[in-house]
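Down below are the structures I want you to see.
Heads up, the next two complexes both have chain A, just with different partners, chain B and then chain C.
The block that comes next holds the complex of A and B.
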């Protein structure tokens, strides 16, 4: 279909008062030959929209709307079958610049040119649509996995539930009592999973595999091919998305020498205490006599830099429960809870109060210094009362160590390093690489066969872990987001918690999995570019196998063939464009976002040939945070230098360095890139996009040196979305700096 | 809104972070969603916060992404300035009566701001604690969505003034707009009505309302925010001066049989976060935190450990008994008592922040035909015994943002199943 570009300039919201609209229209029609051009007093009103609709009926299919920010009136200016390119004349031009000023006019003309060029070059994405399997695979048959399976099945999805043990239920099978999860939150509750397990087994949509392990998963969302070994035999099947609910294991109490675990059989863990409660008898393991004086040591190996630095969030309530159950089983028994802080948040405070009301449960805020075996052979707890500053010694029958939870997750990135090292060793070519590989092998050999999912992904066989081996998302606002599209972590392997929260977590992760297959079936992206139908195209004939794209994709989208050529998996893609930024050969493109499209926009700017007190700056702006911040500055009518021209990018990581050289050869005097915070507390929606740009910036600085250009000409800034007052200052300071440095010597060449 | 062959229609009551999340997550799985928000904008409590712990990142960052998903999803219909009056029916077939209060500004509004310049009436800006004013026609805050002005019907003289009507070039102002009621059919209902801070004047001995330099944690968020009443500068409310010392009083009215017996679960981390706000602005300030237990579960422990390492910060385990000072301003004296040692501790500081908890909104004034299970603290049970009714976020349990989002996603999943034939 022929492209017919129609451009519209809105005069509303002071645009018409601040700019020479006729001159703008002339620029658009003369130089850029748009097919149709109109101005309107109120483009987003009924009449304005009718004008656009009429042009579409007459064949217009690429629209340039020069009006307000694309973040405003989005629906109003979206028309089926047409690409809409928004030119932000309102927030970024007239609301933040001197009205009826030559520089403001030049800026508006440049933005209009950029918009028209983009509209000429952008193709409407054609979605990637292939047969999608809508089955959800749930890995792990504990309370989290059971809930995930049932919820997905209940809304119409087939489910494969994979459990490594002989039966479903996980830890909950071994526990007799649980924390109360509903009002009045006071008494320990019985545990009975049999009804839930029966519901799973009777559900026609759910296939259960026990004694199962995953031998391999290849493919991509909608098309994951799973090899499973279960009950001794192997099978293969296809699923659409995966919930990983592989649970937790108790922290190894053998590492807690100072707490006497190996010194006395009468020192047990909280998990062993659960099993003892289930037997109906609380006794000293050493002699089978009733245990009547029981000490619970909280944070045993938790909140401890030498062991688990984090808090497992449940151990306080577990000990409250165990103390109450012990007292119920034997009213003559006393429980001593030695704690750092009692953590019973929310309504669980009622449960804590219930335990405090019990005259046989004693709470002491204490730092336990050690557990030894007394003369009578029973454990003796030594502690310092942190409130009174006194030493305490407690003769006990039984010590329960409230140990924390360790996730059953695999360290994907380290396993990948190990596999790579093994490959180098197998090759056997002498040299520094081999020595390094041998060292890596030695360091990581213990991870052999620890993969749980065995994903056929270049970047490693499991979900990348975040901190303390939990594959948590690190996003406060998006707790289920993982770095592997279509695979969602849930339950205690994602974050330590109780059975209620784990069960809820299973529901949430199952919903993410369901969404993933739904969206994938329509060729649409999942969070954060929800609904985006574009996906990257690789001109592989020009690929030099540098592997930057396969390494840098935050989502492990790309596999490699033997030579290192990327093997795309479009449904794993989140459309951030980081691969596009990484590629030195510029072979990666989206139909609506590519190196040529942005280069053309850069080149569309009319750069005055002489310095002439009109320097030009290019701003590459992250569309997620920096762009809205600039809009907000405009809304507040805060001014910034009129020398700059902004181009929004999907992520700073999607910035290809060729854009920098394009800008410099075009005659721009300075380039500023503004993106999200990187580092441990990163705010980048694509995890490490802005961090990658930092690395690439170092290379840019090298190139600047080679060209004998000042390194200050290219600047990288990190900004939060709420720093809308700082942003104009940053721009103005940059303009001052460039003024001091002077003209780009390549200008006009 | 219906007939999409999708997964039913869910009514979400409340457009805070939990309601927004429930709506987005359910709609992205194929359900239609109607969100009813009583204020003029969505975002609720988080829109009023400065930063989230533990990343110290601005709420607007996640809201920007979520609101993009929210506003561009054709399955979501958001009714602001609206309240649910009545819910009848059964799972798969509920009817809700919704009252839509007038905004007096229609969808033609472009936020150009001409009306503001014309408006002669001022009103206290409740978004900023009433410290600053807006005109009667106002934008709730810079990044508010819907980005559309609203007129405070309580102070606007209406058609007898009409200056804004004349000033608006787009015919966006309709002073004759009336409240309307509408009826919708839905398959399930999710209460995401959130929480309110308690009235801190009730806490005896804490001097809130009496001493201007005693503020609450919710107020502190506004003071620290760039779009807050002081442009983000933390100062003593009495005289606008900087501070040399500050105290955070944990469990102010919480875990207390005289007021609210439950723990709100977030105030410890909230105060640790606010201690960081203070430190950023005042490198030398003395910071005291009076606490019963520090509750920082999971890897939030790292946030506690890192904040605790601040040498100018002292943690005092003790319940504050009394705060005294000068009603005209000036410094404050805190008396705390250690329950075990009965030792008295006193500290004199420039400013006190009361870490008050969350009071659940519950079902509010909505008349519900079915029995709703509410615990003794006012929180709604998440999965109600009556099928198809749910509560999420802080309507269900006191929770931080990450927990609320996780919970809202899970409840959205539960609500989806009620369309199944």
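The block that comes next holds the complex of A and C.
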């Protein structure tokens, strides 16, 4: 189909007052020969849109709209069958620069050129559409999994619920009482899952497999092929998306030597205490006598760098509950609660107060320094930094260690290493690599067959974990997300939770899974580029099997064949373009985002040949946070240097280094890349895009050195979305630095 | 760090404190706001924060050996500002009740005179029977020792209950109680000293005599009460009752001297005093002050009904008893000048005797039960204040800023508004505390 480009320049929102629109139109039509060009006082109004619609009817199929930021009026300027390229004249040109100034005018012209070039080169994405199975598989039949299964079924999806035990219910089956989950949040409540379990069993849409384990999952969202062994027999089926709710295990108290777990049978964990409560008798395990002096040691191995560095959120409330139950069962029993901080958020303050009110529950903040066996043969607790202002000792009958939660996902990195080592050994590699693999195999052998999902993914069989061994799922921005598209984490394997929150988690993750099959069925991307219909195309004939793309993809999208050639799985893809940035051969492209498209945009900028006139800077700006921040700066009318030209990128990780060399040879004097924060508290929407760029820019610096160019010409900046006031400063400082360094020697060559 | 201390948490004791009005003590989270806002607290041993956690853990030994619980004058600054509603002021009051019970000698008296249900027996039956017994035994004794027609027996009430009997009866019983009290005070002093010495704190920085003098001055001026910021002018309430009681006490002593000492010295005994006798005037002023103080205390407690310790029977029985002593005393006096001036005989005479009898019962409850009731505070608090001076804990660190100055500048917490002026009626709940160095009889308004 012939491309017919139509360009529109809006004069509204003070654009017309600040720029010479006629000159702009002339530049567009003369230099780039757009087929149609119009200006309008109010392009987003009915009349303006009618103008565009008319042109489309007359054959225009690529639109360049030079008006406000693409983040506004998106629906208004979206037309079926046409690609719309937005040129941001409002926020990033007239609102942030001197009006009617030569530099501002040049900037607007450059942006228009870039827009037109892109419009010429971009193809409308054709969505990847294949038959999608809409079944949701829920792994784990605890309270989280049960809720997820019911919610997904109740909105019309078939559900397969997989549980390794003989019955549904998980941990809660073992507990007699639970933390209150409804007003007035004061008394421990009985546990009764029978109604929920009956609801699951009676639901026609839900298939329950108990005593089940997953032997393998291959494929991609919408087409996951699951091999399941349940009740002794194996089966295969296809599902569309997966909720992983595999729960938690208690931290191994055997590692808590200083708390006497192995020294005395009268030192037990909070889970063992639950079991004791369920028997109806609180006794000393050592001699079976009633336990009347019970010490609860909070944060046993939690918030401790040597054990679990995090707070498991529930142990405080569990101990409050257990103390109240103990007092209820035996009014002659005393409970001592030794805590670091009582954490009873929200309504649970009332629960804490309830426990405080009990005359037989004694509280003090304390660092427990040891539990020993006293002269009477029973545990003796020693603690310092107490509220009593002194070191104390307590004689007890029973010590309960409030141990934390370890997610049933924590071993995923080790399992991956084990699987990789096995592959190396099987392949018959030699030398150092083999030895290393053998060592790994030996160290991690105990994890054989412990994978929960057995994913057939090049990057390992389970969900990758992040900080503290929980799957990566930003608790505010991206809840339930994991680094495996279509697989959502919920409950205590996502974050330590009580049953109430776990249940809410189940609902949330179920909705994410449903969203995933819906979007996938339309060929659209899921979070965070939801609705994006482009997907990467691999020109595999030129692939050199360097494996950078398969290794760097944060979402494990690509598998490999035996030689190492990537095997794409389009519905696993989040469309971040990190593979595109990684590929040294530049064989990976999206129809609307590729190395040539961005290179062309870079080259479209008119770089003045004489330095004195104007230096030129290129800014590669992450679309997710940095671009909106620049818009906000414009909205606040904060000015920045007019020497810079910005090109939005999908993620800093999608920046291919060839763009840097293109820009340098084009004559740009400096290049600044602005992306999201990396590190433990990263803000990158694609997990590690900006981190990858950090690594790559080290290589870039090397290159610059080889070319005898100053390292400072290429700069990487990390910014969060609320730092819009800092952004213009960063740009201006960079402009000053480049001015100091001087002209790019390649300019004009 | 020092050796670990083996804690012996005592739930029963916690429950006793809760029953004595410290019902919210378990809510304390040791934020220390109470100790910071307390103007009576001292730098080296701040309270009531430490007492709160001792009380929570039922560490009876420590609380019983703690002078600080008695340094508190229950102005409720701490309770008003407590971030958790744990009411430290009430908790300390409850601890003091426990302290009185703990040091009660003999022990069995501790639990007998502080509950409303005990009133019929302990405050009516027991004094009633004993007084009746005394009246019955009057003539046999008089005959036996040949005292017949003793001094002033012709006086109106003396014909009903002669002075020798009055003095003998009350002196004997009060002395008995006083012996018990001394035992308690001695044990308390020893416990306080032992606690400080065990903890390695210095004691005896100030001599006992200077400590005592300082304390007496503090008591006479009610300096401590003056530091309250939250509950208005509690100082006046206590001052009325205190000086009312002192006046009556002085008059009583004078009366005894008038009857028995003056004749021996060849002076005229003028007892019973007429209305313009200086001692009578002092007695009447004292009586009015006593009643005013008690009424004010009762009204203030009504206003601050949220103060749990201010409404325990330990507290209430004492105030009402004191008030009744005052009221029955006045009625008795009025009868003396009306019925008594009239003629002997007639129904009114018996009414007058009946009121006098009730007055004597009230005085019995007040004086004989002193070591076991709230009235004991006059001794325990005084002793604790002397000890506080003696131990040196009241010494301020150089550079410490009197918090009263800071606190009165700043607005109170959101829930309370400070009284705008000192003239406003006092809104303090308080214990009406008496600090006279008296243990002797005070039935004086006749």
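As a working rule, the second predicted complex is superposed on the first by the 714 of 749 C-alpha atoms of A that agree within 3 Å, B and C clash if a C-alpha of one lies under 4 Å from a C-alpha of the other, contacts with A are read in each partner's own complex, and residues count from 1 in each chain.
Convention: a contact is a pair of C-beta atoms (placed from the backbone, for glycine too) under 8 Å apart; a residue touches a chain by one contact, two chains touch by 3 or more.
Bear in mind the structure is a predicted one, so any value in this text is a computation, not a measurement.
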- Combined model on chain A where chain B meets chain C, clash or fit: clash
- Look at A:731 in the shared chain and tell me whether it touches chain B only, chain C only, both, or neither; answer first, second, both or neither. neither
- Query: So, A:14: does it touch chain B (first), chain C (second), both, or neither?
  - Reply: first
- Message: Let me test your reading of the model: by the given contact rule, A:388 touches which partner, first (chain B), second (chain C), both or neither?
- Response: both
- Kindly classify A:334 by the partners it touches after superposition: chain B alone (first), chain C alone (second), both, or neither? second
- What is the contact status of A:723 with respect to chain B (first) and chain C (second): first, second, both, or neither? first
- Message: After the superposition on A, what does A:60 contact: first (chain B), second (chain C), both or neither?
- Response: neither
- Should A:657 be classified as contacting the first partner (chain B), the second (chain C), both, or neither? neither
- Task: Quick one: name whichever of chain B and chain C touches more residues of chain A.
- Result: B
- Message: Just checking: does A:455 make contact with chain B only, chain C only, both, or neither of them? Give me first, second, both or neither.
- Response: neither
- Return first, second, both or neither, reflecting whether A:353 touches chain B, chain C, both chains, or no partner chain. both
- Item | Candidates 6-14, 42-50 or 438-446 of chain C: the single one with C-alpha clashes against chain B | 42-50
- Residues on chain A lying within both footprints (that of chain B and that of chain C): 353, 365, 387-388
- chain C touches which residues of chain A in the complex? 334, 336, 353, 356-365, 382, 384, 387-395
- Message: Using the touch definition from the top, list the residues of chain B that touch chain A in their complex.
- Response: 7, 17, 25, 28-30, 52, 54-58, 60-66, 68-69, 71-73, 108, 110-112, 142-143, 147, 169-170, 225-227, 255, 261-265, 293-302, 305, 317, 338, 340-341, 373, 375-377, 379, 381-382, 397-399, 401-402, 405-407, 409-414, 416-417, 420
- Residue ranges of chain C in contact with chain A within the complex: 1-7, 9, 11, 14-15, 18, 26-27, 30, 50, 53-54, 56-58
- Which bits of chain A are touching chain B when the two form their complex? 12-14, 41-42, 44-45, 68, 71-75, 151, 154-156, 182-185, 303, 309-313, 341-350, 353, 365, 387-388, 467-468, 470, 472, 475-480, 495-497, 504-508, 510-512, 514-515, 518-519, 527-528, 530-531, 624-625, 628, 632, 635-636, 676-677, 681, 683, 685, 720-725
